[in-house]
Amino acid sequence: MARFTDSAAQAVADVKDGATVLIGGFGAAGQPVELIEALLEQGSTGLTVVNNNAGNGEVGLAALIGAGRVAKMICSFPRQSDSQIFDAAYRAGKVQLELVPQGTLAERIRAGGAGIGGFFTPTGYGTPLAEGKETRVIDGRGQVFESPIRADVALVKALTADRLGNLVYRKTARNFGPVMAAAAEHAIVQVSNVVDVGGLDPEVIVTPGIYVDTVVEIPHPSAPVSA
Amino acid sequence: MARFTDSAAQAVADVKDGATVLIGGFGAAGQPVELIEALLEQGSTGLTVVNNNAGNGEVGLAALIGAGRVAKMICSFPRQSDSQIFDAAYRAGKVQLELVPQGTLAERIRAGGAGIGGFFTPTGYGTPLAEGKETRVIDGRGQVFESPIRADVALVKALTADRLGNLVYRKTARNFGPVMAAAAEHAIVQVSNVVDVGGLDPEVIVTPGIYVDTVVEIPHPSAPVSA
Amino acid sequence: MNSTDTPLAKADLAALVAGDIETGSFVNLGIGQPTLVADHLTPEQHVTLHTENGMLGMGRAAVGDEIDPDLINAGKIPVVENPGAAYFHHADSFAMMRGGHLDVCVLGAFQVSVRGDLANWSTGAPDAIPAVGGAMDLAIGARQTWVMMTLFGKDGTPKIVTDLTYPATGVTCVSRVYTPEAVFLVDPETGLSVRETHGPSIDELSERMGLELRPT
Amino acid sequence: MNSTDTPLAKADLAALVAGDIETGSFVNLGIGQPTLVADHLTPEQHVTLHTENGMLGMGRAAVGDEIDPDLINAGKIPVVENPGAAYFHHADSFAMMRGGHLDVCVLGAFQVSVRGDLANWSTGAPDAIPAVGGAMDLAIGARQTWVMMTLFGKDGTPKIVTDLTYPATGVTCVSRVYTPEAVFLVDPETGLSVRETHGPSIDELSERMGLELRPT
């Protein structure tokens, strides 16, 4: 059952060294800025971080990488115009990279939460990203075997939670949030507001509270990093 | 782009002999009664039908089976107290049965719509339903390989469509509808009402119109068969 | 070890199961005897019920005007919606199940093996039309699968066995077996043990069941 | 065969692509040059744009007060929402793509092979940090994958090739290539052909590209 706090620091207090951490967001939208900052303060290290990107600018995930806390990134698009911190850490051999096509990344996380042992996808067949992976031709189409991603922790941003932890999101800020919350042992969600039980229509809940462990109310989240 | 009609007969007019037809509903909830009746009238034969059950009583899917129009059922729970029509047809060798665990059935249909070539699931491992199937131990857990289900046609019942075919459902009548609409070449949906574009909140749409081919407005659907 | 002098009545067994469910749990109650457990859950337990046809926050059976054909449980019985409920489609519902997000699933059974193998979907009768429903998904999905059943068949045959004779629903999936005469725990390492008895002693049970039994 | 005397300007090429999209299509426009296509779609075409970060019914770029950090496209540019839009999560969005539900995806490219293999994610430079994003999903997902690109690199090297020299994004996935000088069709059976030219003749193109070319 979801716990509630107004302290991002308290929400991330139990993240262990070596943990796998799913971080939601695509660009600015859905980026759990306060939770990432709290994780930076918290000090755990040797993390495997799963995010679409690998940080940009100097704050948030980039700062986490810059502080030497990330041993491995699993992402689809690390290289950006302002990904200099990841770029430097990667070139210096300080962080490993597992590059995954974006849709395969989303599906692997979905499989993790859904108890699927692995799946075949046509994405990446015949490309360098299929090298070393099992492939199979199914119904005339080349396919690549991909494994689920599960994690110890997810950091997700949603719009509203009710007191059972049911969540709704806002526009394209939904992105990876629902699949990440489901794929983590401990899903930590920052929301702009919390409503009473019954305050969300059961037909419109996107993430049922069963997937949510900790909710942090942050009424006015920071303007997120822009890309 | 979705076409609109108020004729269930017109909606199902193009179903071909030998087609695979997904039929939504779990018990009474979400059962597209008028569409099934129209398919019965329409006359196509040699059908493979995918539904959670295999008909009950004397009407709807049971009547379709009774009329000798179904060559094969793919379902999880054919045997019920009032499944006498299927039972007789099956015992007489007139209809084939592919029995699939309910969650595997839903996931196979989901895979069909999602372009997944197949997946491993722990469901059914070590049971008679895994016989003849590829199995694999993944992370210490026995798993069974399952293939996607795609279909020519889906018959689905939803609550409301907008003029782009975006759908919302009602309570547990949602059940198989969203995955079936996505897994069919031609998704035919009966709804209780149609609203203008903009009449559904973009945050609450369950089935985007991209999955919907034909919408039939049936303002007062029949009381469905009860189980 | 808890104990009573006589085997538990159905309602008492359901109350025992209900009392063992931890506060705040998410639970699926299988069709049949397990549905009785719901009657014994207290509001203070904050237990959320899942029904695999696409709902969390399932309430009690609907009566009178509450009956709504669009709101049913996995047994196709009309139910009501509790505050804070959520609806989702069938694939999402079984993803929730298969992904290990439910704390407990309580099922009926024909047989359970000493290793926790479960048989509850088919008697294997040669002329039977097979039907599995969600049984195999439920058996392996929850963090804990508990069985509620009579310990002996009508002919006195024990239903906890060394090896299943009925077709399996799932292997090494059951962690507890609640019966009128005793509650059994199944540990993946150490096997079957008896947590409590009601009526017969462990020695008596051992003899009737033809199994070596030990207390937990 | 349609033809003009000179190669098409970028805007004219985008208009040509837009005009080829059938009424009522669902379309994904890749980052870069393909985004120009949106400017040439007419309301009468009823084209619905998909953005893989979770939206159907994406509108034009947002300006001024319309800018909302929660409403961006795959290029991370703020956009507006068209009436009838729908939001969904990333796995559902790529399921929509991978499942073949989009009619057309228009992508930029480094190279396309005569069999429709696509290279658009990596130049294979040894010191480059690899990044793929949604390129591989987009390449193989839509019913038709169209490429918009210059036909020749800055050094004059043709970008339609017998075999890719850059790392592949997808194999046998491209069905059309729109370039300023010509529109090429790629048929899985019969291979590459020229639908129309703008400027050079087929023979001239054939010579510059070092490929046997034929009209469609």
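In order of appearance the chains are A, B, C and D, and numbering begins at 1 in each one.
As a working rule, contacts are C-beta pairs under 8 Å (C-beta built on N, C-alpha and C of every residue); 3 or more make two chains touch, one makes a residue touch a chain.
Everything quoted here is computed from the prediction, not taken from an experiment.
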Original post:
Using direct touches as single steps, what is the fewest number of steps from chain A over to chain D?
Top reply: 1
Original post:
How far is the middle of chain A from the middle of chain C, if each middle is the mean of its Cα atoms, in Å?
Top reply: 35
**OP:** With chain centres taken as the means of their Cα atoms, state the distance from chain A to chain B in Å.
**Re:** 33
**OP:** Compute the distance, rounded to whole Å, between the mean C-alpha positions of chain C and chain D.
**Re:** 54
**OP:** Could you tell me which residues belong to chain D and also touch two or more other chains?
**Re:** 81, 87-88, 95, 97-98, 141
**OP:** For chain B, jot down the residues that touch at least 2 other chains.
**Re:** 107, 110, 114-116, 121-122, 169-171, 202-203
Original post:
When you check every pair of chains, which ones turn out to touch?
Top reply: A-B, A-C, A-D, B-C, B-D
Original post:
What residues of chain B sit close enough to touch chain C in their complex?
Top reply: 26-30, 76-80, 83, 86-87, 90-91, 97, 99-104, 106-107, 109-110, 121-129, 142, 169-179, 206, 223-224, 226-227
**OP:** Sort out for me which residues of chain B touch chain A in the complex.
**Re:** 107, 111, 114-122, 136, 138-139, 141, 143, 147, 168-171, 201-204
Subject >> chain D residues within the chain A interface of the complex >> reply: 51-55, 68-73, 76, 81, 87-91, 93-95, 97-98, 117, 122, 128-137, 140-141, 167-171
Subject >> Of all residues in chain B, those that touch chain D in their complex >> reply: 1, 110, 112-116, 162-164, 166, 182, 197-198, 200, 202-203, 205, 208-211
Subject >> Interfacial residue positions of chain D with respect to chain B in the complex >> reply: 23-24, 26, 46, 48, 50, 56-57, 81, 83-88, 95-102, 141
